[in-house]
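The following pair of complexes shares a single chain, subunit A, combined with subunit B in the former and subunit C in the latter.
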Partner chain A sequence: MEFQLSCPAPLRHDTIQMAHGGGGRAMRDLLESVMLPAFSNPALEGRHDAAVVEAGGARLAFTTDTFVVQPRFFPGGDIGELAVYGTVNDLAMAGARPQWLSAGMVLEEGYPIEELRRVAASMRRAADACGVAIVTGDTKVVDRGRGDGIYINTAGLGAVPAGLDLGPASVRPGDAVLLSGDVGRHGIAVMSVRDGIAFRTPVESDCGPLHGLVAALLDGGVTPRCLRDATRGGLASVLNEIATDARVGIEAREEDIPVLPGVAGACEMLGLDPLYVACEGRMVAFVPEAEAARALDLLRSRPEGAGAVRIGTVTDAHPGAVLLRTALGTRRVLDLLSGEQLPRIC
Partner chain B sequence: MEFQLSCPAPLRHDTIQMAHGGGGRAMRDLLESVMLPAFSNPALEGRHDAAVVEAGGARLAFTTDTFVVQPRFFPGGDIGELAVYGTVNDLAMAGARPQWLSAGMVLEEGYPIEELRRVAASMRRAADACGVAIVTGDTKVVDRGRGDGIYINTAGLGAVPAGLDLGPASVRPGDAVLLSGDVGRHGIAVMSVRDGIAFRTPVESDCGPLHGLVAALLDGGVTPRCLRDATRGGLASVLNEIATDARVGIEAREEDIPVLPGVAGACEMLGLDPLYVACEGRMVAFVPEAEAARALDLLRSRPEGAGAVRIGTVTDAHPGAVLLRTALGTRRVLDLLSGEQLPRIC
Partner chain C sequence: MKYLDEYRDPAAARRLVEAIRGLVTRPWNLMEVCGGQTHAIVRFGIDELLPEGVRLIHGPGCPVCVTPIELIDKAVAIAARPGVIFCSFGDMLRVPGSASDLFRVRSEGGDVRVVYSPLDAVRIAAENPGRQVVFFAVGFETTAPANALSVLEARRLGLANYSVLVSHVLVPPALEAVLGSPDRIVDGLLAAGHVCAVMGTEAYHPLAARHRVPIVVTAFEPLDLLQGIHMALRQLEEGRAEVENQYDRVVRPGGNPAARAVMDEVFRVADRAWRGIGVIPMSGLVLREAFAAFDAERVFEVEGVGGPESPHCRSGLVLQGLLKPQACPAFGTLCTPDNPLGATMVSGEGACAAYYRYRRHGLA
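Right, the complex of A and B next:
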């Protein structure tokens, strides 16, 4: 998900800025100029949420994610659930059946053990809900003032069906762009308990697993070109990443993108664009036009995909750019944000 | 390596203490009373450095470790090398051929990007030296004062040969206990650059990979019962863990355990027991008595095993306890430390 980029750009800073973790251009630049050149290898070039590798004769998806969300408990979820669902979702986006997770914890001296129990129980519940097991782990303790309660890394492993090769490289002009539900809830839910901001309409995070939706598509005979969950940087960043990595254009219709009134209101109050606000249980599916209607039906057949909609189409015009047709009939470029809107959202 | 324990004990503290990360009894108690009950599943019961799981028809070792060593650069290594070798070694201890790594980084706002380049290059060099590739990653940024420059999680994946089942459960009374080299160097090397302590004789960390030694044993026809690398808590903790988990006694001869004079001198000055000081490139091999001589020859055939020695024997007397025969002919119990000698050593 984050080591998947190309075309090095010079960095504007000598030190790490909060923006380098925001899912936007600064993060992309850091990865392209530091991580990718250092680690370069064929698996990284897949530019997808999980690497697909071969081991012991099996085709496996392998992925990692660290969770530093602040606060650790928010409406609709907590850091433990997020740590499980986030990695389950990255595996699912590669078409894998999520099976095994690791858990690496960095605990700060003074962190309440009662909360650790709560977080661990939450991880277990989330793992059970996804049919995965946490099979290996590690615990490190850092001095007070060198952490923030708890940071959780999860890595994940799952088998990828033979012949299935999801990823930006498979996306083609003419493909339909589907979205599994309304956007922006996770970011707003976290903001609502940060800094004591209260919104008129309470918003719950969409934090949840996506592997069921992927299984519904595959079992239903739909072969998507590419799946990607919208997390840091929101829907807009996903569309931009795919447009860049697949060298295609994307056209979307703003009024087709569902945003809950509570999210829209909070975004207006905070001066945020909901299309850039993080989700944690939403995916974008690029599917062949001929399979679009069936794919939508399959997504909607499950509760977590009840709000699935088609939002646009892939085009060979304007490769690398995402154009949004507004309700007024005008078009605007949906660009990659340079920094970030909301730090430490996951 | 750390979620592998049993028999819950009541915790003595309500909050996380530095000792909970030290590799001793406090860490064991935390894992037994919080993590293991929460995550319980058959793979965790293997009580080994890596879980052995099945995915896509393959038998795989899967492991994770987070590195928070302070300082990040020390004589003989740095946090980047440690992050690669540590996980490679955990895979090797399960008998797996290390193949794929993930890298999850938590960067602190203000961390110099030039150092990040150095660390990433170091990870790449170490990965190349082990024949593994870093194929997936993640980068998070936390606010100044909520991290310590960089924390690195690596998870690892590798295929385990059919029929090979290394682990504490396989250890038998009468087995020989081999050690691949001198102990205590990593901990002392890190201490030598922490708090400006200067030792008479400079000590370099033993930080390095162990998969070559494991391959030498397996290719040479030796099937070890159990392999374990001595990291946090040192040799003494490894021997205690195996004695407890395998329900056997272990007898070792103190004068057979190699300790460099520089390490011995530094330990004396600091009031430390070198048998409890962390290594990062040493393993203990439990092998059937009949294979002990050949195993030693195979270990010594490689540079990183040149100092391999036999240090003791597994016994059915005093199950769960490690007895050390001293140079004076007396015996002392080598217990699990309650806390830790050196915080943030890896």
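Right, the complex of A and C next:
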């Protein structure tokens, strides 16, 4: 069993690894080497969370996402809420007003119906809160041991206002980078129940809808270049994706990125970087410099954006890379994560 | 964030940097022993704040990096056995063995679980009496007491299905090797604060005296590091070679006696191979004979596994401070975190990983 140096990549990645779902480099590689070549078409090229397509003269944003979170109930939310907000947020990031959702469920034999009732009720509440209707669905059951209780897929449709074209391709050097609130809460909240780690300060997930923030910006006359919600892979992954896809550099100030003390403490203990920890209710907005101040005010005018801050600027130096200015005034790279972020030993 | 902010305050950092600049009259090489310190230094750019000529050299202080490749191969072989639940701290999962790693074992159907405490592994063993539960006991003196405690706990519960695969290493013998080397370039040492919190500072006095080298026990936050550097440089400039304690808010001279006692009860000191470096006499811990029943190497009789290191990896030199990661010809090309040739590229505390993460795109 010699280590083959000439052909190392297939040795490590000829089967699916957890890292392929982590939102980092491995997932991007999988998309580029398998999915995009297989499915290539102009709508997919937009590299957005939602595709924008035309139907009968209307511009529609269309997106889908599958939710496999363990545990299914966590501080601040549950898998049902997440499945609605996740898809609503993907639509909102394309500038669309979310309107219709589908819900596909894969249930494992033996899964308690009482829990399904709770999850469904929670999906309904979340849908009502976002003004969307769940108009179609599907249910499959798999043998015991071949599922995780419940998996939920949601797809969503919403109309995109005429003339609005959000996406990495619109981002320009000089644009301001805004963040709608503190980062890392969802990942830590889930870990605290999944892995039985008790943190001194309990952390609640930030799981919530973002369509209201987007509407506030658009109605307030701001013309964002690009919007992204930070999910798996956290803020760092969003910034890296935009830097790569838009071929720009991004400079951010580490001190300006809000992290709750409980999240910071938990990360410190586990050796994780909060900038890579998942969020489920945080938006990154790239807006023209001239509109930055107004956009911040608009975001802060809503409760879910009360903690909005400016974290950085787009530059034409170092395209494809995100640099952080540290508290000590030095600079470092904020890279795309390789694989999953793993808690350290000591 | 009060606790952390205190140790990252920019104004205080600037004052310390000024003090260091005012102190230094000639070039000095300081080695930070611990990988956690290395990451903080590279992450906050502390090396860039130091006066010209003062170099920080990264030491062997990452337990993930120095776990011998045979032991990773043994872990892989055990984890792949049917009926085994293999428990590990997260950062061991990506470390390359000669042909595979624990992540890969998991994707091929092995039951490999990330735990946050060895006691979680004991609990898993108690809940799964029909299966063998193995915990990968890796780390310096910092994690050894808790790992020892897990063995005592398993014995108290009468568990016959719990064992540990031990790869504990000790810091002072490694420092002896670094300081005693004929190629030595190190003038002063920043010792690892967490290790000293358990073991105390006594073991460092003979080292400082024998090798005429200042040793400052230092913690991990930017201000801690700057202060530790300042203390070590002041000693060098004044011609002193003493043990000083920057981390006195936590570290006591005698360490933590209760933790040391648990460690002593379960483990004894033995020779140990360090990945990339070789065997360092009396630098590791193994289970005492009384606990042989909890020794995964005996329970599973995994002999004869283990292949060669990648011939391209220079991590041994990196771990001894003799080579900067970017100076390795494989850095960033053949060797990346996605396809690491050595453990120093994947460990959360590895020096190659630190440079790959924080220092590219024209940042030196």
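The working rule: the second predicted complex is superposed on the first by the 329 of 346 C-alpha atoms of A that agree within 3 Å, B and C clash if a C-alpha of one lies under 4 Å from a C-alpha of the other, contacts with A are read in each partner's own complex, and residues count from 1 in each chain.
Note that in this section a contact is a pair of C-beta atoms (placed from the backbone, for glycine too) under 8 Å apart; a residue touches a chain by one contact, two chains touch by 3 or more.
Just so we're clear, the structure is a prediction, and the values are computed from it rather than from any experiment.
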Practice prompt. Quick one: classify A:297 as touching subunit B (first), subunit C (second), both or neither.
Written response: neither
Practice prompt. May I ask you to decide whether A:204 touches subunit B, subunit C, both, or neither, giving the answer as first, second, both or neither?
Written response: neither
Worksheet item: When the two structures are overlaid on chain A, which partner does A:16 contact: first (subunit B), second (subunit C), both, or neither?
Response: both
Worksheet item: Between subunit B (first) and subunit C (second), which, if any, makes contact with A:268: first, second, both or neither?
Response: second
Worksheet item: A:134 contacts which: subunit B (first), subunit C (second), both, neither?
Response: first
Item to complete: Once the structures are superposed on A, label A:330 by its partner contacts, choosing first (subunit B), second (subunit C), both or neither.
Response: second
Practice prompt. Please name the chain, subunit B or subunit C, that touches the greater number of residues in subunit A.
Written response: B
Item to complete: With the two complexes superposed on chain A, say which partner A:165 touches: subunit B (first), subunit C (second), both, or neither.
Response: neither
Worksheet entry | Contact residues common to both interfaces of subunit A (with subunit B and with subunit C) | 1-3, 11, 15-19, 343-344
Worksheet entry | Complex interface listing, subunit B residues touching subunit A | 1-3, 11, 13-22, 27, 30-31, 34-35, 38-39, 41, 43-44, 50-51, 53, 55-60, 62-68, 99-100, 102-114, 116-117, 120-121, 123-124, 127, 133-143, 145-148, 151, 153, 155, 157-160, 343-344
Worksheet, complete the sentence: Within the complex, subunit C is touched by subunit A residues 1-3, 5, 8-9, 11-12, 15-19, 25-26, 29, 195-197, 259, 261, 264-265, 268, 270-271, 318, 321, 323, 326-333, 335, 338-340, 342-346
Worksheet entry | Of all residues in subunit C, those that touch subunit A in their complex | 1-4, 8-10, 13, 36, 42-46, 48-49, 63-64, 89-94, 98-99, 101, 103-104, 106-108, 114, 116, 120, 138-140, 142-143, 194, 222, 307-308, 310-312, 334, 336-339, 341, 348-349, 356-363
